[in-house]
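There are two complexes below, and they share chain A, which is joined by chain B in the first and by chain C in the second.
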Partner chain A sequence: MAFIKLNDLEIEVEDGTNVVEAARDHDIEVPHYCYHPGLSRPANCRMCLVEPYGPIPGAPPGTIGPARQLATGCTLTVRSAPPERKLEEKFDAIIRTDSQRVIKAREDILEFLLVHHPLDCPVCDQAGECDLQDFSYRHGHDKSRYLEVKNVPPKKDLGPDVLLYSTRCIVCTRCIRFCDEVSGSGELGLINRGSHDEIDIPRSHEGIPIQLLDNKLAGNVVDICPVGALISKDFLFKSRPWFMEKANSVCSGCSVGCNVTVEYKADGVYRIKPRFHEDINQHWMCDDGRLGYHYVNSDDRLQLPLKRVEEELVTTQWADALTLISDGISQVEAADIVVIGSAQGTNEDNYVLQQFAHDVLNTTQLGLFGQLQGEEHKFPQFTIEADKNPNTAGARTILGSANGNVVLEGDTLWEKVASAKVVYLVSGCPERPLQDAEKDALEKVDFLIVQDVLPSEVTQLADVVLPGTTFAEKDGTFTNSTGWVQRIRKTIDPPGEAQVDWEITQQLAKRLGGEIDYHFAGEIAIAISENVEGYGDATHKNIGDAGIKLA
Partner chain B sequence: MVQERRILYEHLDVPDINTFEVFKQHDGYARFEKAIAEYQPEEIADMVKEAGLKGRGGAGFSTGEKWSFVPRDIEPRYLCCNADESEPGTFSNRYVLEKNPHLLIEGILICCYAMGIETTYVYIRGEFTLGKKMLDAAIKEAYEQGYLGENVRDTGLNINIYTHPGAGAYICGEETGLIESLEGKRGQPRNKPPFPAVQGVFMKPTVVQNVETLCNLPFIVGNGVEWYTQMGPTYGDARFDPPKPDPNTGTKLYCISGDVNEPGVYELDLGLTCTELIEVAGGLRGEEVKAVIPGGSSAPILTHYELDTRLDFTSLTLAKSMLGSGGIIVMNETRNIVDCLLNIMKFYAHESCGQCTPCRWGTPWVRDIVQRIADGEGRQATITRPKFGVTESGRWGDTGETEEIYEDLDLLESVANNIANVDTMTWNTICVFGIAVSWPAVSYMRKFRPEFEATIREGELITLPVAEATVPPEENYAYQQRIIPKEMADLE
Partner chain C sequence: MSDEIIQIETPFQFNEENKREFDELIGRYPVKEAAMLPTLHLAQRQAGFISPAVMKYVAELLELSVMKVKDVVTFYPMFFEEPVGKYVIRICHTLPCALRDCKVVLEHLKEKLGTDVASETNLAKGTTDDGKFTLMKVECLASCDVAPVIMVNDDLYKNLTPEKVDELLENL
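Moving on, here comes the complex of A and B:
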């Protein structure tokens, strides 16, 4: 640990911490653009200049004064010094971020940054969450002294989801370093020199792109762009950031379980951005997860229960649908019923489902359903996993947690389904194609109950369809492939009369005389922590925003 | 009359000196042989330190001291020879490369021996095609003769030299920019620390030396420290008690261009005055000296009454200028300083690498302001504004007087100082390119302000007579603050 004096604070920080981070931990702002904790530090924006103190050359020993040159806070790290090099006999470093020189330097740098900036905040997507705006407001000048014509480099289409408004670019090179260091694909580079510097992808002499910014992590460059230069086409002109509400959640795209922030308004989810988690996704997420939320806002979402009337699925009321189901179930033996949970569902959904199967239906035949295996993508500092379900590990454990429960997957499951009379399948997988074996098995079922969010090949075969909810519409927890239990949070209301999955199961249980009675997801999590091995600490309160790792 | 003292250039005109045989006949490689026969590596490093050799590339940093920063326990270490001579007004390395490349190789051999280095990269300016050809040929010969390669001269030393051409960027003459370029990256300087001596080429300890510095090594080894220190003054730093010696020893290849009768490279002892130098170069062409740029285009300009300044590292630094690369440009009374500044600023705006913010956008801005002034569009020749101060009633306020200001000149000074402040010698940029921009901008403007003002007032380029164009000594900031260093002998 290093003991440093930062402005007037005397604080202890870890060895090797840089000044920007040390200051941020103590609520002191050191403005910066090029520095990003997940990337290398070229110190090219010169915005984070701070004033280190040290011995003055030529002065009597022990005299401390500000160094001649300001230093960049991003590259200036503090370490514990040997006793003879301590300053004022106790400090490992003395740094000021509020001296007149520092304030003047920030003003000067901001003036330069704005020389060629178009100041088109009124039409810029980044306005409201723009570092250039914020720091100019807090540290900059109020007027420009620049009279000449501004540079107007062209707007560029870099790839499937990324636009570059070069005029707004401050050439901090975060995006270039991201493509070099994290995605390892190196599509971006600087062209031209000096004040004509532009970010670009490789192009032929005619300007035709040779390689697009189309790697699966490309969307991150939009997040790390401190200004409005790199813009997501998906979010372009959709909303002002300050109109959106935010909720901390977890991505449902694959079993990595990237921490995300879901930004939403009353009418739907607007975008998903990664949230820092040191052990899981660091600062990043993939584009599959980032852009995979669109089904939540789809107009096709199931809003009312459906029942099959003369080979057609028609809408009906909840009461009618539940009666149909309870009648169907009570006509068959427990051994002929298969209950299939979803790897897309939360631990809470699956726990109630498992209780329903074990306690109410007295069946131990459970299955696990989810998205088909995808491809694994490995990057130097990031991996997208092949399992496209967020909660395979959690669902498997929880479905099998009660005495004697067997969780069937793959071929054995479909063999079992083919011989069953009633199947209660919780899907929740958007756009899930059915394989031949699965389709054959499901077609043989006498009475198929499907709980899903969108019409799909699965719902086509169902006798009763119940409208469930997506990750954005419910509270709960996911367990990722490495055993991290993390919370998802309700953002928007479910469409129409769709209901949270465990509530649907609970109502069914009540119809059949069961005694499952939960009021909110947190209550189920407490039940899980009491009854499921390994989940002892996994209450919502303990999990919080950081998640907990299973032992 | 001062005479040239040819040491590095002694055999420059010998026919075929670029071949191994002829070079060998003129003491070639004898100094290297002497080094490996008579001295331990550490002794050579000590000799260089004692000789007071200062880096000839521009910064004038003590070579021996630089070597002492290199950690000896990290392998491999590299030597990088900076032959990217691109400072406007400088053209001395070029002759060494083109005419006497074996001298450079011998210098490299001695440096490699002293520092225990096996690999040397020579980064040659891309435009020096002939220089590269000659050096490559000489390296080939040296390999054939056993002076390079495995087990050099049966001493067990392995020394290899690789040449690498630049692609024409000024900034690749900056040592870390050079290293980045050498590694195959965009030529952009690195943030320091770490310095190249600790993490240089491929993040290994690296000695970066100018061609001229390396060429001095054979003579220090061959003729001894005492012989070397006789040339040039050794000043005493009177801030210390007893005074700390500040050697400016050896000869310097001065590149004299501009309004002199015989421009060219002159090898002279350090410590001559500007006046003497102009005399050596055949005298002034024209009637009066208007200004002298003492060390390449980035050095602050000297006025006609500063010509007694001695042209060595210490004297020029204390006169608020610098010797830099020794590119001396003389201007006579016909030159317009605004025009000169515009020329230089166009160069810097074009050559800024664009890595860090102040330089990327400040340098073209400075150029634009100078361009505006030179075009006669300097904003409102003069504007008047109320002068604030203590009024008759004893309060702070509008005094009723007005003061004249030249807005664009203030802006020029302010913008240049925001890139790098010439008064405090601090810069917000990554490398010293920032100060290389603001030094000329501010010094030209401050020292020749009447000419700038006249240009703005009249709306066209006005060349004033020398006496009128120059700010008088009592208003010249640099002249007022300059310190004339005393030689050690005088102090004692």
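Moving on, here comes the complex of A and C:
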């Protein structure tokens, strides 16, 4: 540990911490653009200048003063010094971020950065979450002295989801370093020279792209852009950032379980951005997850229960659907019923489901359903997993372990389904094609109950369809492939009369005389922590925003 | 924009002689990326200018992304991204040459060749219709003592007057 004096604070920091981070931890703002904790540090924006103190050359020993030159806070790291090099006999470093010299330097750097900036905040997507705007307001000059003509480089299309407004760019090169270091694809670079520098993808002289910014992590460059230069086409002109509410959640796109912030308004989810988690996704997420939320807002969402009348699925009331189901279930033996949980569902959904199967239906035969395997994508600093379900590990454990249930997957499950009379299938997968074996098995079922979010091949075969909810409409926990249990949070209300999946199961249980009676997801998590091996600490309170790792 | 990317119809490749030279020069550098400039010069000498096909080939040779090559090509004005004349005439227009009437030489060249001066992004503007000459202004050619000077491809010509220019062009 290093003991440093930062402005008037005397603080201890880890060896090797840079000044920007040390200051951030103590609520001192050191403005910066090119520095990003997840990338290398070229120190090219010069915004984070700070004033280190040290011995003055030629002065009597022991006198210290400000260094001749200011240093960049992002590359200035502090570490414990040997006793003879301590300053004022106790400090490993003395740094000021608030001296007149620093304040002047910041103002001047900002004036330079704004030389070619169009100041088009009123029409810029980034306004409200823009570092250039914020730092100009807090640290900049109130006016510009620049009278010459500004550079107006063209707006450019870089790839499927990314637009570049070159005029707004301050050439911090975060996006270039991201493509070199994290995605390893190197599509971005600087063209031209000096004040004509522009970010671009490789193009022919006529401007036709040689390579597009189309890697699966490309969306991250929009997040890390400190100004409004890189813009997501998906979010362009959709909403001002301050109009959206935010909730910390977990991406449901694959079993990595990237920490995300879901940004939403009453009428739907608007954007998903990654949230830092040191052991899971660092600062990043993939575009599949980032852009994969659209099904939540879809007009096709199931909003009312459906029942089959003369080969057609028609809408009905909840009471009617539940009566139909309880009639159907009570006519058959326990051995003829198969309950299938979903790897898209939360641990809470699956816990209630297995309790329903075990306590009410007296069956120990459960299945696990989910998205089909995708492709694994490996990048130098990121992996997108092949398992496209957020909660395979959790669903498998929860469905199985508490009551000694057997969890069937793959071929054994579909063999079992083919011989069953009643199947209660919880899906929740958007766009899930059925494979031949699955389709054949499900067609043989006399009475198929499907709980899903969107009409799909599965709901086409159902006798009763119950409208469930997506990750954005419920509270709960997901367990990722590396054993992290993490919280998802309710953002928007479910469409129409769709209900949270465990609540549907609980209502069914009550119809059939069961005694399942939970009131909110946290209560189920407590039951899980008491009854499921390994989940002892996994209550919502303990999990919080950081998640907990299973032992 | 469409998501169209350029289709390279005729891939570029070093000829035997340049391949040998490349193999020799790559050994001089600790990392392959460091050989970028000599490799690009070699490629430009063979192809005439750095087309997307050349950029792709150089990137593959040096195990870099295409953008890294494009980055360097656009940085240096000595690399051309579009076809230039057989003879590239670079005329110095910095102070010592200006004092020694480089303007007269330039005007004479423009008149004689019947072309304008090329800009960095528009070389066609300074190229003659027969594709023989490209005329461009450059900053100092490091020969102020013998101003005004021009450089034709790799050769320097000193103490120029319109008459000397005529003679020079005759001999090309």
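By definition in this document, the second predicted complex is superposed on the first by the 550 of 551 C-alpha atoms of A that agree within 3 Å, B and C clash if a C-alpha of one lies under 4 Å from a C-alpha of the other, contacts with A are read in each partner's own complex, and residues count from 1 in each chain.
Simple rule for what comes next: contacts are C-beta pairs under 8 Å (C-beta built on N, C-alpha and C of every residue); 3 or more make two chains touch, one makes a residue touch a chain.
Not measured: the values here are computed from a predicted model.
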Contact-wise, after the overlay, does A:Leu212 reach chain B, chain C, both or neither (first, second, both, neither)? second
Chain B versus chain C as contact partner of A:Val171, first or second or both or neither: first
Quick one: classify A:Arg193 as touching chain B (first), chain C (second), both or neither. both
Applying the document's definition of touch, where does A:Leu113 land relative to chain B and chain C: first, second, both, or neither? first
Going by the touch definition up top, name the partner, chain B or chain C, that contacts more of chain A. B
Between chain B and chain C, whom does A:Ser204 touch in the aligned arrangement: first, second, both, or neither? second
With the two complexes superposed on chain A, say which partner A:Gln100 touches: chain B (first), chain C (second), both, or neither. neither
I'd like to check the shared interface: which positions of chain A are touched by both chain B and chain C across the two complexes? 190, 192-193
Residues on chain B engaged by chain A in the complex (per definition of touch): 169, 186, 191, 239, 349-358, 360-365, 368, 372, 379, 411, 414-415, 418, 424-430
Chain C residues touching chain A - in the complex, by the definition given at the top: 1, 3-6, 51-52, 55-56, 64-71, 74-75, 81-82
In their shared complex, chain C is touched by residues of chain A numbered 157, 159-160, 180, 185-193, 200-205, 208-212, 214
Listed in rising order, chain A residues that touch chain B in their complex are 41-47, 49, 58, 68-70, 72, 75, 105, 108-109, 111-113, 115-116, 145-148, 170-171, 190, 192-197
